[in-house]
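Across the two complexes that follow, chain A remains constant while its partner is chain B and subsequently chain C.
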Partner chain A sequence: MRLLTHNTLRNNTADAKGKGFPLKITATEIRVEETAPTMEVDRQVAFCKNMLSRLDWPALVQASRDMGIPTLPPVLTDEMAHDTAFLQALYKILMQVHLEQGMLTCPVTGREFPVTNGIPNMLLEEEECEHVKL
Partner chain B sequence: MTSRPELTGHASLFYNQKEARKYHSSSRMIGVQREITERAMELLRLDPNTPALILDVGCGSGLSGQILEENGHVWLGCDVSRDMLTVANNTAKQQSQQPPKEESMQQDDSDDEEEEEEEEGASTGDLMHHDMGTGLPFRPATFDACISISALQWLCYSNSKNQNPKKRLLRFFSSLYTVLKRGGRAVLQFYPETADQAVLISETATKVGFAGGVVVDYPNSAKAKKHYLVLSFDRSSTQQQQQQQRPLTTGMHEQQQQQHVTVGSTMEGANNKKKKAPKKKKGVKTKEWIVHKKAMQRKKGKDVRPDTKYTARRRPHKF
Partner chain C sequence: MTKDDKVNNDKIRNPDTNAKSFAMISHVSSLTFISRAHSHSSQPNTMIRERSTMEGQERDQDKEASVSFRSVLPHEPLPADSSGYIHVQGALEPKLKKDKGDEGKPSANQDQADYYWTKQGLEEALHEALTKICQGSALQSVSVLEDNSSPPYTKVRLSYSSPLAALKVVQYFRAEKVSAHDLLLVSPNNDNEEATMTSHWQFAARPLQATLLTTQPFLSTQMAWNRSNPPKFRRLIARPGEPVELLQQERQITRYVFLSGLVDTTNKNNNNPPWWDNSRQVCEAIRSQLHVYDTSGKGIELYISNKKKTSNRTTHFCHVGMRSPEDARALMAGLQGKILTWKQPCDWNDTSTCTTEQQQQQQQQQPTIQSDKLFLDYAAVTKRSEAKATAKATGEDLVKGEKSRSECTSVTKHVVVPGLVLITDFITPQEEQVLLAALTGPTAPWAPSQTNFSNSGAVKRRVQHYGYVFDYETANVNRDRSQPGSDCPPMPGMPPSDMSSLEAYTETCTAEGRGWELMAGIAERTRRTTFEIQAKDDDEEEQQGQSTITKQFPKLNQITVNVYEPGEGIGSHVDTPSAFDDGLISVSLNGGVVMEFRRQQQQQDDEKIKKLVYLPPRSLLLMSGPARFEWEHMIVTRMTDTHEGVVLHRSRRVSMTLRTAIDLSGEPMPCVSSTRFPPVWGTVGQSATDALVTPSMEREHVHAVYDAIATQWHHTRGKRGVLWPGATQFLKELPEGSIVADVGCGDGKYFPAIWEAGSYVIGSDISLPLLQQATHAHQQDAASQPDSRRVSEHRQHLQKKPAVLVADCMNVPLRSKSCDAAICIAVMHHLSTRDRRIRCISELGRIVKVGGLINIQAWAMEQQEKSKRKFAGTDVFVPFNAQPKYLEAAKNTAIATGMHPDPGKSTAQLYSEEYNADYDEQKGLVVFKRYCHMYRTGELEELVQEVDTVELYESGYESGNHFVILRVVT
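And then the complex of A and B:
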């Protein structure tokens, strides 16, 4: 699981009431990819720029710390958002750091989602799901 | 194997280790999936120059994700079958270990761009084990687009007593509505067993607020026939004129959405005709109706019982 994916995930059980974010990472195995995903550099930067407004920055900083990367600045400034080198580094953190084995814990309900072989298990029981009215 | 695996039970049971491997190595499957995904990409109408974050619901072994990658997008796939995900994961890892050779796959239009890169090879996709019927577990407005290839029909079947297909569909679509960015689009290809299923699916989608409809490719061929549910937030393009003409009420709004559900036509062709709401029919056997009828019979000179206080009154009990 990438940090990018982690930043989008939310516990959507009925108990969490839509606030199950950010999931706390307990890492047991981390894999850092050496090769960047198939994308040319311009596109990487464009992608990060595109994603910046959607990322939850404090959550990303915390998550990257949990994964052993303390280099992200705690506050995102406008200059950084236009700094190509920074965006490239950000792309690396978002895309090349994988949580292989570990646990994700919901901050509200404490519900745990195990991550095995890099795949988080977000399966829910029918009873846990949000109720919908037909 | 029956012709409809949906009837045999849960998707994760059907797509077991053996089936997953078979699925991923079958050249027919790969061809079909590629074709469908390419068509879905066409319907998504994404800007090819902006890399997008795309959600792939029911990604399976990642065949559809490969197409998204080739188009230079980042994707996140979720599937209910762990075995399928394992196959996808292994493929992705192999990819990241071996730098890509000059593959025959890179013959598409992005060829010139891809020649520039040398060292890269890893997949842009990420995977997640999840059942779409329980609602998508993401923050609101996260994804630029969503695709789903041959998966949606699984939601129409219930595999246990506490699963209600309608509820699961509704949960899926309402969560999809929240996780998509405003202005985003979703293209979901599915195989409906009956026409009712197609209607149920598209009606549920419009119920949560989506605009759009079902596009049917090759409607006259039993084999090549494909249903694509194209969803967007953009209700203005086809309805702008109508909204100018009509007063905006919540009732009207719902009616407009209802008319957007068209099966068997393209979305652009789904110009909703103005239709007056049908008058509420009064019950046939009202007192006025009976008295009127008796008067008519009398006029014709027939022997009719006189009108009394008992005329058209309900019986206190059945005979």
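And then the complex of A and C:
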């Protein structure tokens, strides 16, 4: 699971009341892609630039810290958003760091979701779901 | 064959006749062993002398070498050989008696034995014995068959002047159970000196086996042949040497006719003459009368039941095999109702052989037999009999199943059940398909199995009740719907606005595959039908005006749907009169069946009166008046029915029984109906109200199925990368660098398209095995195409690790507005309730940012002409044929993860038990049933209306699917 994916995940249980985000990462196995992507740097930068508007920055900072990368600045400035070197590094963090095994924990309810072989299991029990009657 | 032999020949036994025609057994015992041993010198016998010369033996051997013998099959008529041959088998050799004094000196006796029991010696001894037994019968030769010159000898062939003479000897052997002891034992009184010698010998008392032989080759079709078995034992296997094609040809052209009333049973004083006990003679007698109908000249097959042997009954019926359908028809027409006189076949009066004058006289006095009015009907081989014959041939045990009984409805044509009305084609084939899809489909409200009142066993058939529950245990209707166990769906009702145009309503429902709505329409059609009912007795009512009355049943308020699998039936019963009013209506779907009616109170004069009625598919049967109250009806449990002489193999029959439940005062109960479809009842209905509770239907028939078939699914579907073109186009048009949620991504077959568009996809699916296929497959792709120019670098990077998560589409675990777009393809048709479909759309609307687009595609009810898929109803099971090789892998992983407790089961067994799948033994496939809801035109759009956060952007139909593109507005 990439950090980009993690940035969108949330706990949907009824208890979390829609605030189960961001999920805290407890990593057991992390895999970092050693080889640089064959993609041109320009395109990596373009991709990241595009993503910036969609990212929840504090969540990303927290998650990267959980994954053992404490280098991300707590606040994203405009300057950084146009800094090629920074964006290239961001691409690495977003796309090339994988959580293989571990646990995701809801910040509100403490509900845990296991990550096995890079696939998080976000399934809920029926009792945990909100009561939906239409 | 030996069994059949007995049938033919045990009947011959008649002590008086035997005493006269054959030598008494005392003659035999007077023969002496020693004298026979010396007979070639002491008693001149021309035959033996001739046989004993070398010349004669050579000639015989030459003749025998060129001729091959075979035993005459029991159903064959007498062979047309010039001589009759018999094969005698058994222990012909004596054993040395173990006397006390002999123990010390056995060698001397042994020497003598060698001398006496040469081939020649035995032949001569037998010749003499047999000549004495059958005085005057022309025994021509005796030859021991064993090649080796040393004893023991066990096989002897006798030759007589004619086959009939030989046959009589065979019958004598069998009747008297002649043993070597009888034939060859020395009488101790005969000769003292010899007696002392022979007393050392002991002969076996076990009967010798005598078989009639013929030199003819195996039967040709030219030969008329009969057999002692009814056609259910008809020949299914070629005889040795007979080409299979010939047998098949013979089987194809032969038509069987059941012929009964051979003997007039009304005359109690009429004792049948003894010759009627002989199957062979009976066959000859019948054949001589029927041969005029055999235009082909290929002969007539005759079968006589061998059951009479055990029950000691005479032959009352037989089966006749005619060599062409035309002959069979002519026979039926010619003999029906006629009375014939059977004469003993003249061959049997032939006095040339063993019969004495007294016997001749006796036979001439044999009375002929008067038949009853003959009854003929077409007959056929039952499935069970075929299975039996095959099992016999292959040595397998026959699986018990169908009873061989099969009756013809035409037999009871003359019986009138007053108040019985059959309307054929009450519903159209199209309506039938739509109804079947609903009644047997995923939304059918199957009632829990109940106990049966009459035999207190469980009701085996699958049953659905509407309106009111019929309790089989009390054989009454549960009038209070609030009581436990009385809960059932209401009657399907029609919207009042459509009541004025019933035909238009049913047409629309049929076209749109609305099975439940159509059921309401059919119920209404039944209520409006005016039945013309024959008045009680046609014969007595001479006035035409009074012969029919008309009736309507507008108060029908209960429907029972029964599923009868082939071989299932229902016991004889009258529907509880206190529970249901007059007028029982049964609509047959899919399969026809013969229903049997019997008078409830049998009167003396109309003993065992019954009526068989064939209910063809799509027909309506009304039982009213006497038919409803005085006649019991039943369905016999068997695999086939005979209708008008044609054997019909039963197929699954779904019957819709419409009745009027009445209260205790006899007034019709109010009709509880609803226009809510599919019918909702009991706990199923309650749980379905919460969208987030997964119905068991989806668990068992969607989630479990995909988990099990994930491997094959990917190999046969996803891997080929056949995408729905509309979705691909949609993905291409998305701005580069979008985050796309693929809800229900399966094995991720749309991922490459998204990556190629420069976007990032997050796939979610409820099936982990499918997701594993997705990651595994894309990793493999990545490894196998490192330098491919066609694949973008972005895709190359991403496909090494696709972003997937296990999640339910009812609860997509993504934060709100986090995605730029979403696709949800081939997911919505697996959601079983309307609420869940709406919930799915609203979840998609939540995760996508304002202004973002959502593409939803789902299967359409309306399939294209050329499509192999046709859906009769909106809610159906779509089969998925799984090959065990794929399942094996899935099973192993399942066992490894501790999902299945019993790894000892075979894969097919495991899946068919745990996943409610069927196992197709012939093809070796496990057939999973996937629940699918087929969307009608406009249905998706209508669902979208229910979700406030999205608006319809585009919608349409494309290659069997409906699609909508939505834009998120808030």
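Just so we're on the same page, the second predicted complex is superposed on the first by the 128 of 134 C-alpha atoms of A that agree within 3 Å, B and C clash if a C-alpha of one lies under 4 Å from a C-alpha of the other, contacts with A are read in each partner's own complex, and residues count from 1 in each chain.
As a working rule, a contact is a pair of C-beta atoms (placed from the backbone, for glycine too) under 8 Å apart; a residue touches a chain by one contact, two chains touch by 3 or more.
Just so you know, these numbers come straight off a predicted model, no measurement behind them.
Of the two partner chains placed by superposition, chain B and chain C are both touched by A:N50. Of the two partner chains placed by the overlay, chain B and chain C both lie in contact with A:P120. When both complexes are aligned on chain A by C-alpha atoms, chain A residues 1-2, 4-5, 7-12, 21, 33, 37-40, 43, 46-47, 50-51, 54, 56, 95, 117-124, 126, 129-130, 132, 134 touch chain B in the first and chain C in the second. Of all residues in chain A, only 1-2, 4-5, 7-12, 18, 21, 33, 37-40, 43, 46-47, 50-51, 54, 56, 95, 98, 113, 117-124, 126, 129-134 touch chain C in the complex they form. Taken together, the chain C residues at the contact with chain A in this complex read 689-694, 736-737, 739, 758, 760, 762, 764, 766, 768, 771-772, 775, 793-794, 796-798, 800-801, 803-808, 810-816, 818-820, 835, 838-839, 946. On the chain B side of its complex with chain A, the touching residues are 49-53, 69, 72, 74, 76, 78, 80, 82, 85-86, 89, 96, 99-100, 113-114, 116-117, 119-124, 126-131, 134-139, 141-144, 160, 162-164, 166-167, 170-171, 174-175, 181. Taken together, the chain A residues at the contact with chain B in this complex read 1-2, 4-5, 7-12, 21, 33, 35-40, 43-44, 46-47, 50-51, 54, 56, 95-96, 117-124, 126-130, 132, 134.
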